[in-house]
Each structure stands twice: as C-alpha cells, then as structure tokens.
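What follows is chain A paired twice: with chain B in the first complex and chain C in the second.
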Partner chain A sequence: MKIFSGVIEELRAQGVEILEVLESHPQEAVIRIKTEDFHRACLFMHKRLSSAVMAMFAADERKAKNAFEIFCVFLSREFQKWCILAADIPQDRPAFPSLARDIHSASFFEREIREMFGLEPEGHPDKRRLHLHDEVWPNGLFPLRKDFVVFGPVAPNGAAYCFNRVLGEGIFEVPVGPVHAGIIGPGHFRFSAAGEPIVNLEIRLGFTHRGVEKVFEHKTLDEAVRMAECVAGDTAFGHSWAFCQAIEKASALKVPARALYERAICLELERLYNHFAGIGGIALDVGFSFAAQFASVLKERVLRLNQRLTGSRYLKGVNRIGGVRRGFSRQDIQALLCEILSISGDHKELKQMLLTSVSFMDRVDETGVLRQKTARDLGVVGLAARASGVAMDLRKVFPDVYAGSDFRLITQERGDVLSRLRVRMEEVEESARLIIYFADRLADLAGAVAANFPLAAAGCALGAVEAWRGPVLYWVKVADGQVDRCKVVDPSFHNWPGLAFAVLGNIIPDFPVCNKSFDLSYAGNDL
Partner chain B sequence: MKASLLLLQAGIAVLGAPLVSGFIRKVKNALRMRQGASLGQPYYNIAKYMAKEEVVSEATSWIFRWTPSIVLGSTVAALMFVPVFSFSLSAPGMGDVLTLFFLFSLGRFFLALAGLDTGSAFGGMGSSREMFIASFVEPVAILSVAVVAGHSASPQGGLMACSMGMSFSGMVAAAALFMVVLAETSRIPVDNQETHLELTMIHEAMLLEYSGPSLAMLETAAHTKQLIWFSLLGAILWPWPVGSSAALSDIAAAAAFFVLKIVLCAVIVGLTEVSLAKMRLFRVADFLGLAFLFSVLALVISGLGY
Partner chain C sequence: MWTILKNSFFKGLLTEKRVLPDIPPCPEIEGVGRELKKTILSLYGRSLHLREVDTGSCGACESEIVALSNPIYDIQRFGIDFVASPRHADALVVTGALSRNMVLALKKTYDAMPGPKFVITVGDCAMDGGAFGDSYYRARQGVQDIVGGAILHIPGCPPSPEQILSALLGFLQTRPPKER
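Now for the complex of A and B:
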C-alpha cells in the first residue's frame, strides 16, 4: 500500500496550512485545515485522488468553539482511504466559498448545508432549497443547528419554486407528480419536450423530508441502529451496517469474523432481492409482464429466505453494534445453500428469457444512455456508475471481509438501460457465488456473533458499505454515549442528477424504464 | 321481426362485451401463473363507476361533457354494420363498411378533443399519440376489409362478403387486420392496458380526467369496440356461413359459433400480450406499416383472383 502522507505533503506544497492530521483508523484520514484554504484544498484533493465529493456536510460546534465545522469527504482508491478535509467556519461569518462551479458533486451538498445550517456557499449558481420547500418552510430557520427545537407548524414563506424553463417554438412542459399513479415515492418531474423527445428534465425532490438527521441527535446508539434501518426501506441492512461500522470504527471495536460473514451474507441477500425487483421492474415498465412475474417470484423467494435466516423479510433487526443479534444455525446455512443454488438456476432462465426476447431488447438497448464522462463529472456512484464504465465498488476498495473471496468487480461500458440491467444480472450471479463462499466459511466457525467491548463515549468516524444501489455513508459523531451528529448519504443523492442527463433525447414514454433502471430512493435522498 | 332481432343482438353484444375483456385478463393471468381477478371484474368496475360521483374540471367545455355519449353512441351504432351473431342480422340498406369506420373515426375525433379539452398534459399526450396511431390504423383497416368485401362485390349490408368462404387474399387481409386490432384495442405491443405509468399511456391517457358514469360509458364503449373488432376479425378468419338464414335455430347455431370465434380471438390476443414487450412509440409506425404492406399485398392477391 502506498503511503498516504505523500499526498499530505503535496497538499502542504500547494500552500495549504495543515493544522492536524488524524488517522484514528487505517481507512480514514481527517485533515484539519484553515477555513481560507478549504476551497483550494478540496479542489486539489478532487484532482489528486480523482474522486468526486462523496459527502459534504457541516456540524454545529458553536457551544464548544464558537464555530461550525465543515467536512468534505473524498475517496482515494489508490491509497484505499477515506480522506476527510475539515475546517471551522466562525459563527460571526457563516459562509464558505462554493465548490459547485468546479465540482458538480459538491453542488447538492452545499445547497443542503445552506438550508440546514444557514451557511452560505458563496458563488453557488443555484441556491434553491432542496428539502425545506418554500411552500411549507420559512426563511431563516435552520433545523440542524443545535439551538433549533422541534415545534409545531411553521409559517411558510410562500415563495413559488422556479423551474428552469426551456423556451422555443413547439416546446411544451409536462409536469408529472409528486403524486403518481403507482405506489412509488413522491417526486416532481418537469419535462420540457419537443413532441415526444425530452429536451430538458428537472427533478424536484424533498417531499419525503422527515428530518432524519435531526431525529438521530440524542438517540442512544441502539436506538440509532433501529433508526438507520428505517432511512431507506429497500436498503435497511446496508444502512444499519454502515451506521454500526461507523460506531465500531470510532470505538476501535473488533467485530468477530462470524458476525462479518453473516453481515456479508445479509448484504448480498439484500442485493439479490433488490436486483430481482429491479430486473422485474424494467421488464414490467416495457410491458413484458411474463418476465416481470418470473422476477417477482424470485424476489419473493429471497425475501422468504431472509425471513427464515433472520426473522425479517427486509433484514431489519439483524445488526447490532459490534456484530449481529443471532448466529445462523447449521440447518439455516444448509437451507441457504440449497435455496441460493436453486434461485441462481432460475435466474439463468430469466436472463435467457430477457436477453433473447427481440421486443424486450429493442426497448432497453441504447435507451437512456449515461455516458462515462457525464457519470464521472456528476459524481454518479454505485450500480449506475458501473454500468457506465466507472469501475468503483467499495467491496473492491476496502475488501475487508471480501478479501479472500476473489470478488469480481462488474462493469459495463455503454451506460444504457441494457447495461444497467446486465450489471444487475451479473451481480446476481456474483452475489450468489459470494453467499455460497461466505456460508462455507461460516459453517466452520463457532463462537460469539458480537463483540462486547465498551463503546466509546465520544468520538467520530465514517462508516461506508457498498449496498445494492451504491455506497451508503454514515458519518457519526458520538458525545456522552449518544449520537451528536449523524450525516447520512444514500447513493440516490448522487445519482438523481445522473437520471436527468440520461433521459435527454429519449422520448417521454421511455422515461419510466430509464427511471426504473436507476431505481433510486426518494426516502434515502430526502432524508 | 328483423329490426327487433337486430336491436336484441346489439343489446346482448354490449352487455357481453366486458366479459371478453375479463376473459383476456384471465387468459393472461393463467399464463403468468397468477390467479387474478374474476371474469366479472370489468362489470364490477363499471358498476363502481356508475355509483360514483363525477368530477368535471371547470376548465372544460361541452366537448368534454358530451364525448362519452358520442363515443358510446357511435360505437353501439357501429355494431349494426358488422356480422355479430349471424350474417343475416346486419342492418340492410343503412350503410356499408365505410360507415363503420367513419363511426369509429367520429368517436376517436371527439375523444381526442376531450383529451385536449381539459388542458392536462397527459390528455394532450394521449390525444396526440392516438391520432398518430390512427393515421396508420385507418388506411389498413379500410383496405383490408375492402379486399374481402371486393371478393363478394358487395360491401352493402355489412360484411356479406364473409359468407363467400375462405380465400387466400382474405387470410393475408386478416393478418393485417389482426395487427390493427391490437392497436385499436390498446393491446401490447402498441399500448398497455395494465400499466399505471401515465407517461407511457395512449388510450388511457385521454380518459385520465374522466370519472363516475362518464368513465363507465367510455369503458363500455371500449369493451364494445373490442368486440366489434374481434367479430370482424373472426368473420374474415373463419368465414363459414353457419346459420345464414334468419330462422331462430340458425341464429342460435350462429351465436354458438360466434362465441367460439371470440374465445379464439381472445386467447390469441392474450398469448400475444404475454409473450411480447410493448414497442417503443415510434416503432409502432413500423409495425403498422407492415400491416399496411400486408393489406396492399392482399389487394394484389385478390386482384389476381385468389
């Protein structure tokens, strides 16, 4: 492994004054810098590590040091490290220079910081609020500040949201949502179309904003694990693991191998059922109902397997800090192996059925192309990025429990709906193989399924898990044994802008299948 | 006597039409290993709409309010020009095959206007797509039926032509007509009745603003129109003159044969829908273009005397 301190020296050579470097965990380096250097340091790290902004957030530390803290998280694949730049923002001048004009992936995070903390990203080209809609929320009220108390209804400021407008002869707007005909989350989609082809798509989200990060504050750690499971319903396990991992890193807790294998199995099971749902969803959205039905049977079988193994169809209540709640029995593992083999056999049939159907392939091939350059520029992550040829997967960057499994990173080049479908199909195969590998390992292990060391009463760390949709990040700061600040980043937050670009030039009736191929979460985005 | 039989036939056809839709759904669900709703579900739906309050946008004009009656009326009138149960039971001297298609066009014209009338984006999209598809459907329908009618040299009094028996050109025309039927009954690969996705809808998009009894009328019209297309298709595909006289026993035999034909059509349509994905909107032009080719081919073959 290369030495990360070289990068810090390069950063210093850029004229950035480094106040402190904290490497409490081998996978994480927190570099504390001065406020005035923050912009320059972020730009340098962005280029040097060739990483998008994986997370950017603030914390209210006015009580301790009369200042807000701002963090910017980059991922270095080369050094296998999370690099977190941190700076103070004095409370008498609550502003910071915006990165948005140089780094697109910072744009939405900065808007979030602005509305949640009242810190002004100076020079940001788009200052509309993301989650706290003008129709329901007043100006000057910042919920993530520590002095904000939850109270009754607030007076909205009443300003109307301004959509970007496309003008020209024959251009018309199609507003869709936030209430949709199907049972899906609420989101408003504003299409500007010339006939059927889409000229511009603007996505407005935030309708399911529940104040998750605020609710996390002052929760005990056990309560917070349960909370994390509820942030995005289809990624309950990914979220709870990422949260537990953050606490375990902060407490320097060594999780037993048995628990790690069980977690890995659950994460792959979550990937399996969601990928089957995604494959079926793509088939259904192009009206190929036979294959959709087939896929939903496979999804149901995985859910029942989940129930058998953990007692929960959606893998809730499995994780606890330090490990898992209960170990799989030998019979469970046997049943798991049998069922996975049978499911992957059926999956082959489903794959064959879809990829040889001319009418189906005609719909998904070349539809909704997200080019690799666009994906990189926007900071798209996870499944959608891999389908566009961006070879990034946290399971590869931080192998940990995957280290001996010979994990295969799956990518596709073209970035269309078909590529996203193929990534899902190949990941299903790879997940099935991984589950069998982990189950084999697990069968020989005995002993505790959770570490019982005392947890740190204070500290902070970043937890990250490659869930089925992409990396889920939790930055947690613990104080007095409670959560003091918890920043959640669901991959959906990075990927919604990718969808807006992928549909350009496609016709309006193809939007649902493009949307389904990304399969993004509303709840995970709106928090 | 004949007039009352004719009206009776129309009444039975309108009442029975929803059953065909229910049957197709049953076929599709059986193929997909699902139990699905009962055969009578389309009737329950219509009954439910009838009992519901109707909400009409203030922005609409008389077109929106009158369209359901016009569509249902024109569709029921169209019933008179096709051989439903018996070839002998079509209105004589009232009009010919062209009248049938003009009645369909009348309904379509008003439905498209009503879709635009509400000013909703979906209605407009639905209308525009419906007219786009209609521009391919109508020539094929007229041409292929004309081929069959030309064989009998008598487009008068419905499709007497069918009683002429099977011909090669008739089969080719039937292939073209089958593709048109899929488009006209909002079936995959052209449209998808089962979808909840507003952005992909064609026929349903025009109806989105309707509720209550108006919606019930439009749904009834859609079921009836489907039955008309199926009976037309059945008459061309299986043109055996079962029960060609107006005697009651003959009519009963014809009715039984008719039910068999409709069931066959429904099964074929159900199979088609389950085994195909819906086409990309603009690909429909290719699909119906092929149908047009078939109908021209049928004309040529019929000109050669086959």
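Now for the complex of A and C:
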C-alpha cells in the first residue's frame, strides 16, 4: 500500500490536483480528481500501470450534488489493486474530453456513457450508438439518468446505422445476421471481402439489449443477486459472485472459508462446462462431429454434476450475500471427486483425438490470429488475451481463495484458434486439479456457509471475478438498502473488437471457427 | 483415428432411454419421444423442424436447446430437428425478453417461414419478460402482436432439456396447432 501512494505522488507531480484518495478496501483505491484533469490522469494511469481501461462508467448524482460522476477503472497488477479515477461533471456542461483516440479500450465505454447518460465524449471519433438502435429509439432520451421514466411507444429517430464501407474494385460486402443459422444470440456481421480474404469486419451488436443496468436500480440486494444470474446465462455464477463480492466489500463483510471454497469450486465447474462447449464448438465448426459430440457429452455431464451439487444446471441460486445458500455434504463432495476424475480422463481422450487429427489441426493452426500487440492495444481480456500471450488472470492478481493452490496461469503465444483451444484444454486440466484441491479442503471444514449480513450500509465498491471468459466486473452503489447504480462489465464487451481484428485476412468460411474460439456473449455485451 | 475408434467402441451408445432420477419428475424420454413422433407424423408427414430466434435472452435457454441435440438427448431420433433457415421450419421457437431491437428481425424471420406454422416460446423471459418484465427496452407489443400468440409456452429459467421435450409432447397431444 505504501508503494501505491508513490503512484499517487507521481500523479500529483504531473500537475493533477488530487481532491481525495479513498482506500476503503485494500484492493481498491478511489482517486477523486477535477474534471479538467481527468483526461491527463487517465492517460498517466494507463501508461504507469500498463493497464487497459477495465471499466468506465457514469452515475447520475444530480440530486445530491448537481453533477454526474464519471469513473475510469484501471487494474494495477504490480500493486494488486483496482485504481478508480473519479471526477464530477457539472450538469450544466454535460461533456468530458474523450480518451478514445489515445486509449482504444475506452472507446466503447465512452459511446455507452454517451447514449445512456447524454454526456458528450468530446473528440470521440465514432458517435454511433451501441445498444439503443436508431431504428427504434429517439435521440435525447437517456435511460440511465435518474429522471428517465419508462413510457409507452417512442418515436425512433429514423436514422439508419452507418456501416464503415470499404470501396475499391472487386470489394464486395456480405451482411450476416442478426438472426444466425445456429442456435446463438443475435448480432450483425458485415464482411468486406476482396476475393476470398476478409479485409474488414464490422460487428454491430446491441440486439439483446434489455436495459439490465436500469433494471438493477431499486432492487433489494437479494433480488439483485438473482438478477445478476440472468445477465449472461453461461456465466451466471461468475456474475452473481462478482455482484456479491462488491456488496461484501462495501459492507466489509468477511465471507467464511467454507463459502469461499464452495464458490471457487462452482466457478471452476462453470469454467469446465463452458470450455467443453467451446472445444466442442471449435470441432463442430470445422466439421469434426465425433469430437464435437464427445465434448457435448462432457458438457452435459458437468451440467448434471452442477444439478446434483446445487440443484441448478447453471449454478443459479447458489450465491447469497455473505456466502452461499447451502453447504455441500460429504456425499456431495464424494460424488464431485468421482465425477471430476472420470471427466478429466475423458478430456484426455478428447484432447488426443483433436490434436492428432491432421485435418483438424490444418484448419485451426494459424487461423484467426490475434497478435499480442493488437490484444494489448484493444484491451482484450481473459482467455482470448492469454492465448495471445498476455499473462493476465485475476486469480493470479488477487489470489484470495486461490492462494496456496499453486494456481498455474496458462498462456499461449501465437493467438490463433489453436492457441485459444490449447488454453481451454490446459485450463480444463487446471480446473479439475483445483476442484479436487478445494474439495479436499472443504471436506475438513465445518462451520457456517454464510456470514451474517445485517442491513446493507450505504456505500460503493467494485467486485471482480475471473470467470471462464475473463474478468467480470460489478461496480455497485448501495443506498437505502437498495441498489442505486450497478455497472456490469462482461469480458465480451472488451473482446468483440478483438474478434474483428483476428479474422482479417482469413476467409469467410473460417469465420465461424474464429468466432467460436472467442466464444463471446451477446447478452453480456448488450446488457 | 485410433482414439476415435477406441472411444466409439468402448463408450457405446450414450443416448439415454431413461431420465436420470435426480432431475425433476418427467416421463421417460424414450416414451415421450415415441408419442411425440406419432403426433408429428400425423401433422407434418415426417418430421417437425424448428427454427430458434433469440430476442434478448441470457443465453442459458439457448444452451439447453442446443443440449437437446447432444447424444444424450438426441432429439433428432424422434424426427425433431433445428434448422438453419426459417424457410425450412415448421415452427418458430422464441426465447428471450423481446428487446425492441429484435422486433423487426423476429417479424422478418416469421414471415420467411412457409405455412402451416406456429410459435413456441421457451423460458420465463419469453412469456412476460421474466426478470426484465418492466424494462424500458422491452418491446411494448409482446410476441403475440408481432408473430401471433404462442401456441405453446415452456416455462423455466431455463427449462431443462427434459422439460422442453416433454412439454412439446404434452402439447401436441392435447391441442394440435391449427393451420394458419
């Protein structure tokens, strides 16, 4: 902590006036600065901590202080700390200088702030709306402002979405979606191709926008935990844990060890079933059905194991604030261990099946390369980043319950489909090992599975969990025992731009396998 | 190759004849499927082809629908299949809370389907928005105003593959869809 204050001094030396530093939790420092210094301070932190913008969001505080608040979250791996820069934006001048030209990872967040709050990122090169499509939503109606009221029909602003166009001889466009051939979420992909190779891919999302962040407001905390499980179905557990963690941090609640081990087991189970889905999906998209079906059986087995342990295939209803709802019994743990051992045995077979198939390797090797530099510049996170050689995993940065487990961070260097596949395969092995480790610990523990949670104190905090796809962030502000503002960041939001770069130079028929290797969530992105 | 042969030989047939006992009560899959097929046979000649559209779901409902095609449930053996194009579909399966952004796409998908056709909604979201019922971005019309009322709703968040399969049957037996 001492050392981190050095960073604050360096920031001050840059001429940034620091109004207040709040370190309510050892893993989190909130630095309040003036609006005019915001841009400079963010650039400095971005460089100094070598962190992408992990989250950027606003809050409507006009009632309390006639101003909006804007926050920019960086992750310091070195100091094991979330560093949150905060500034007020007076309501009579709802604008702030845009970071997008200097920090790409801020770009989408700024567009989001613009459409949701009506705060203008001055100098932003791209002002198209992400979630509120022009075809159905008017200008000047900002859902996340506190005085926004839901009403009946709204008149769209009538503008059509403007795709970037590639012009030139022989260039043609292939529009795909929003409804796709498979059973997946909706999104529009527009390929520009010259002959076979893709020269530009534009992804338009937002089709599953449901107003999640607004729906969170005024929910009681228990209701909000259930809500968090419905944000991204394949990461239901990661989301609910991140939400609970934010509240637990804000109210300085100590979660019992038993609950932490159970949570960690559930998080790894979630990783397992999704990784099997991903491995199977990659096999399916290159036409290797046997392996794909083999993986889908493994996924089903993990889902059934989830059902056996928690009563829910998608681990819903496990978390509560302060811990978990129900402790695993001895029989549960026994069943868990047996099944995990058998599943990892089958996974070895699957791995061999895939990696020894020449025709399969030919399709995935060197396909969809995301270079490390690109990944860093775009602020790609999680699994996709690790496959491109960016060694970042919150389980390493904030070990907490993982401390003592010898957690092995898995990376690959080349950033192609094969690398993402290999990261998944190795993470499956590592997760199985971790589950066994945690289960052993759990078997010797007795005691409560949840801390007593008195009525929520007012406050705010950031919860973060390394879910299977990457870090899930929840910034929650509580007032009157209810959620006042909840910002959700699913890793998909960071990673979709990565996909658009990875496919460049590949042929359109390889797009499905590239897409599957990233396996991004539409729901988590669109919120 | 050797791994494939070894595994297909030793693993044998994975498709389940029975539902696992620890999953909420529902009739035997095998029995369900055979009956379902009979009904489908009388309605559609050979098979029932479904097209799925996500109108703002969290993804878990899709995941369960995808699971129907894995070797354990193997829905295809009963003549039910999910198709890639609405032009090949007999019924539209709608999931999700119906975001305003999806209204047009949903309508177009339905319009592209040849008749006779009907709509099935899957998951609590698709019924009344579920957790997102009072969201500002939920389309005001509702599925019934855009593509006609669903003839079958399968509740759950998400419904399990067994529930989806047995719901399909129960419905087809009692109220055959009218031609539209």
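As a working rule, the second predicted complex is superposed on the first by the 523 of 527 C-alpha atoms of A that agree within 3 Å, B and C clash if a C-alpha of one lies under 4 Å from a C-alpha of the other, contacts with A are read in each partner's own complex, and residues count from 1 in each chain.
Here, a residue touches a chain if its C-beta (ideal position, glycine included) is under 8 Å from a C-beta of that chain, and two chains touch if they have at least 3 such contacts.
This structure is a prediction, so every number in the text was calculated from the model and none was measured.
When the two structures are aligned on the shared chain, A:512 is found in touch with chain B, with no touch to chain C. In the superposition on chain A, A:276 makes contact with neither chain B nor chain C.
In the superposition on chain A, A:173 makes contact with chain B only, while chain C stays out of contact range.
By the touch criterion defined above, A:181 reaches both chain B and chain C.
When the two complexes are overlaid on their common chain A, residue A:363 makes contact with chain B while staying clear of chain C. Legend: residue contacts after superposition of the two complexes on their common chain; A:314 is shown touching chain C, with no touch to chain B.
Within the superposed three-chain model, A:293 lies in touch with chain B and with chain C [touch as defined at top].
When the shared chain is aligned, chain C comes close enough to touch A:143, but chain B does not.
Touch counts on chain A: comparing chain C and chain B, the chain ahead is C. In the overlay built on the shared chain, the residue A:211 is in contact with chain C alone; chain B does not reach it.
Shared contact residues of chain A with chain B and chain C: 181-182, 290, 293, 297, 357. Within the complex, the chain A residues that touch chain B are 172-176, 180-182, 196, 283, 285-290, 293, 297, 357, 359-360, 362-363, 507-512. Residues of chain A that touch chain C in their complex: 132-133, 135-137, 143, 148, 150, 152-153, 178-179, 181-186, 206-212, 214-215, 226-227, 230-234, 236, 277, 290-291, 293-294, 296-297, 299-300, 303-304, 307-308, 313-314, 316, 349, 352-353, 356-357, 521-524, 526. Within the complex formed with chain A, the chain B residues making contact are 28, 31-34, 121-122, 124-125, 188-189, 192, 194-200, 273-283.
Chain C contributes residues 1, 3-4, 6-8, 14, 20, 22-23, 52-67, 69-72, 82, 84-86, 96-97, 99-105, 108-109, 125, 130-132, 134-138, 140, 157-158, 160 to its touches with chain A in the complex.
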